[in-house]
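What follows is a set of structures to go through.
Shared chain: chain A. Partners: chain B in the first complex, chain C in the second.
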Partner chain A sequence: MGANGHHESFPWKHIIGFVLSLVLTFAALWVALSSGLPLKAVIVIIVVFAVIQASLQLFMFMHVNESDSGRIQTFNMAYSFFIAIVVVAGSIWVMQFVL
Partner chain B sequence: MKWSEFFVTGEPLIYAADVAIVLTMVGIVFVLTYFKKWKWLWNEWLTTVDHKKIGVMYIICAVLMLFRGGVDALLMRAQLTAPNMKFLDAQHYNEIFTTHGTIMILFMAMPFIIGLMNIVVPLQIGARDVAFPYLNALSFWLFFFGALLFNISFVIGGSPDAGWTAYFPLASNEFSHGVGNNYYAVALQISGIGTLMTGINFLVTILKMRAPGMTLMRMPMFTWTILITCVLIIFAFPVLTVALALMTFDRLFDTQFFTMANGGMSMLWANLFWIWGHPEVYIVILPAFGIFSEVVSTFAGKRLFGYKAMVGSIVGIAFLSFIVWVHHFFTMGAGPAVNSAFSITTMAIAIPTGVKIFNWLFTLRKGKIRFTTAMLWSLAFIPNFVIGGVTGVMLAMAAADYQYHNSYFLIAHFHYVLIAGTVFACFAGLHYWYPKMFGHILNERLGKWTFWLFMIGFNICFFPMYFLGLMGMTRRMYTYSEGLGWTPLNVVATVGAALMGIGFIVLCYNIYYSARYGERDMTGDPWNGRTLEWATASPPVHYNFPVTPVVEDLDAYWVMKKKYGGFQVKEEDLKPIHMPSNSGRPFWMSVAFFVAGFGLVFKWFALAIVGALFIVLGLILRSFEDDDGYYIPIDEIKRMERAARKGA
Partner chain C sequence: MGEVAHRYDETLPLEYRTQESRLNILGFWIFLGAEVALFATLFATYLVLFQRTGSGPTASELFEVKDVLIETLLLLTSSFTCGLAIFEMRRGRLAGLLAWLLVTLLLGAGFIAFEIREFIHYVHEGATMQTSAFLSSFFVLVGTHGAHVSLGIGWMILIIIQLLQRGFTPKTARKVFIVSLYWHFLDVVWIFIFTLVYLLGMVM
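And then the complex of A and B:
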């Protein structure tokens, strides 16, 4: 339900989001398994795909732009990014000595 | 897996357990059939979506698991009492400390806390149930069948034996051949999904379902701690989910995420485990802080001192809890920069925790203190927890930690924080809210016996372990030689453990005794409470509040009592109450999870797929379900209110 409070007749947004997510997933799979690109390029491409898909899901499924509690959403997103950075960057930093 | 290895054989203790399990099951089936209670069990409990009943079931499971984990602990103490004991062999000892740790944290502390929050939080915020009652039932049953799957490991297939941390490479196929660690990976995954859903459920409940007038800064302290705990659950548990999934792949499909060869990183498991594991210890300790805040404020007869500082320090602890995890493996060798950084963040946690300790002390100051059992647990918490906290700061110094690491000093430290923090809080909360759950008070005299036996036993058991650690005794060793001089302190520790066991038995007897002879609570407010749960009958009618209460200040019920002489319900304000319908689907979907999990443990993939299909079927049926619950008519509400207030 959006901010204006009515259901759409058909969930186009969800269908489009779902199809695009599938396309991006299989594209990443193809790039990694059978594109034959060098490793660095593969990693860069699939990370870009992942970021696109994550933001796609935020808008298509998770309604980030449809809430009336904007401050809570902003805080929530900021905290999520903080945790994500701590987990990913932190792990890389901590595990560096074996990498 | 050979069929001959399906049941665990060769140990007299295990055979005794087999017999006990069969007898208990036969006994339960007999009692239910004889008293014709199957229908009652299904309608009133297995299909319920009532947050209070779900909470009671959580607590029953938690007490059973406390028994199981406690027996494990006593077996370990028995083996360590004297040098060169032959009571348990090395393999059996490994299995017992692994299940002790896993069960006590995940299947005792977690469900005890979640049970109390199920019962109390909706009542404290003036709600009729949680935001997603059906999901709540599913959370419980997933936890239940996850715990069941984990517990059957000791008679079927063999228990996990790589420690509750299941570090790689020890937990890999290369070094752990049996199905034990498969149980660990799958059972924790199933109950972890349940916990994650509980976190989401209660976050939404607290943010969206508070009674009118209850702003965030008027919430009772217990509700505040649960809110922050939910945030921790939501951010920490996905890390465990991923780590366990990778572990499952490694063990079932021979992937190489955490192996020693082929680019695997065994220490990455430790890293991921503790990214979840450290917030996890705050998930079990923050609600404990909330319980103590409620109990101290009620029995000191005063508003909680420094409410805002209390909220601030909870948020601070939650924030810091995500940036300290490396202190669990300083000795991994990550280098001085990493270790120093995590050393400092760890020590910083002592600051907000200290703020809270002083807040409780100042709440007590000049209060009219009533020494009830719940209050005794809360008062004992403060000095005992401080001992655990201070030794924690000692462990936080990375350089010194090379000496303490994995010694009995560490064992003593974390038992001092987890028992004096979480377990004391569970007992305090149990005594405090028991009348709200069952309508009668737990006997105070027996309660105090439990308290003194358990609290003194706890100190006799764990205080010597600090010194054993300093004398060089390391964790997880199954025996030691005579010349080391550890025998006297180990004997003392075993005596303490026995006292704790006796305390637990007195608690169980108290539950039986109070059910038969205990004082019935007709008022709904036996302790002269301050928060909204005491405005309801004991036990509350299933819709909780006949009309939604209006909150005017912190300690909402206290204000009502002072201003209006209690929670006033006018009959003309009654409206039909909208309640959710019961459902059997959470139960059988969780059975399907259990079947799928059992299949995965033994690599019987056909069975796992059948279970998984039923899970998907449950999801599909739920998606197309059109059940908006039902309404209770006004006459029915009037009748139920009169019955509840008469204690009938």
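And then the complex of A and C:
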């Protein structure tokens, strides 16, 4: 079981997660507004940053993979993200022929 | 009761000790999976429609970097302090837990205040839900998230009251843990709103 009773006295995991989240937020802001990269590159980079930051929340803050059902929880969330990608990307793809 | 008691595991953190709690936490994760699917449909609607601005303002005319950044930092920090609350709970420190939950609540309330201010500002500029397909889908997506945060604030207040009345028990610990999962999840959704609604809206 990952959720053990004894643990460290300082919340390093949370602080690292928070600092990285801040860095990713400001990096995404810079890429979007000041980098001057082409639009497609901007979109790919900021979406990748968002996925990394969401993973940080899930693993560093929410401990998705802890406890006996950690694998089920992780698989459940991975599957829900798969559904989300299918719904979002699929809708954009199919609707570009309609609108 | 006998069956639950014999699955009681002293070596685990308080919120995981009874089998019922472990199943509640797993069940909540499955609920969060369903929430991802809910928000996915709203994101899909928004991303399909966000360039359909009709005679109303476009995203880049409407969004202000500063306001969005303040909201983002408030919610991100509240997610961090909520994590610290759980950290304190696992050290068995009730005062620390309550203090961090209170900070989380205040940051969450600050987020909601800024969001309401933002929406009122848009409406004053003539950008209402009825103005265009872009704004309908925008207000539904961001508003659904805001409603979730508001619900989370009310929920967390009730949990704090229970903690003050009952202290640490396997039940209150499990309730705190589940509301913390919900709170972190709201920040996960916001990361994508920040990226796909605001940043994308400002560059396109």
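Simple rule for what comes next: the second predicted complex is superposed on the first by the 80 of 99 C-alpha atoms of A that agree within 3 Å, B and C clash if a C-alpha of one lies under 4 Å from a C-alpha of the other, contacts with A are read in each partner's own complex, and residues count from 1 in each chain.
Methods note: a contact is a pair of C-beta atoms (placed from the backbone, for glycine too) under 8 Å apart; a residue touches a chain by one contact, two chains touch by 3 or more.
Owing to the predicted nature of the structure, the values given are computational and were not obtained by experimental measurement.
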Please indicate which partner A:Ala32 is in contact with in the superposed arrangement: first for chain B, second for chain C, both, or neither. second
Determine, under the contact definition given at the top, whether A:Ser21 touches first (chain B), second (chain C), both, or neither. second
With the two structures laid over each other on chain A, which partner does A:Ile83 touch: chain B (first), chain C (second), both, or neither? both
Once the structures are superposed on A, label A:Met95 by its partner contacts, choosing first (chain B), second (chain C), both or neither. both
Superposed model, chain A: greater residue contact from chain B or chain C: C
In the superposed arrangement, which partner chain does A:Ala50 touch: chain B (first), chain C (second), both, or neither? second
Output the chain A positions appearing in both contact lists, the one against chain B and the one against chain C. 72, 79-80, 83, 87, 90-91, 95
What does chain A use to touch chain B in their complex? 72, 79-80, 83, 86-87, 90-91, 93-98
Chain A-facing residues of chain B, complex: 207, 231, 235, 239, 265, 267-268, 271-272, 275, 322-323, 326, 333-335, 338
Show which residues of chain C lie in contact with chain A when the two form their complex. 11-13, 16, 22, 25-26, 29-30, 32-34, 36-37, 39-41, 43-45, 47-48, 52, 65, 69, 72-73, 76-77, 79-80, 82-84, 87, 90-91, 180-181, 184-185, 187-188, 191-192, 194-196, 199-200, 202-204
For chain A, which residues count as touching chain C in their complex? 1, 3-5, 7, 9, 11, 14, 17-18, 21-22, 25, 28-29, 32-33, 39, 42-43, 46-47, 49-50, 53-54, 57-58, 60-62, 64, 67-69, 72-73, 76-77, 79-81, 83-84, 87-88, 90-92, 95, 99
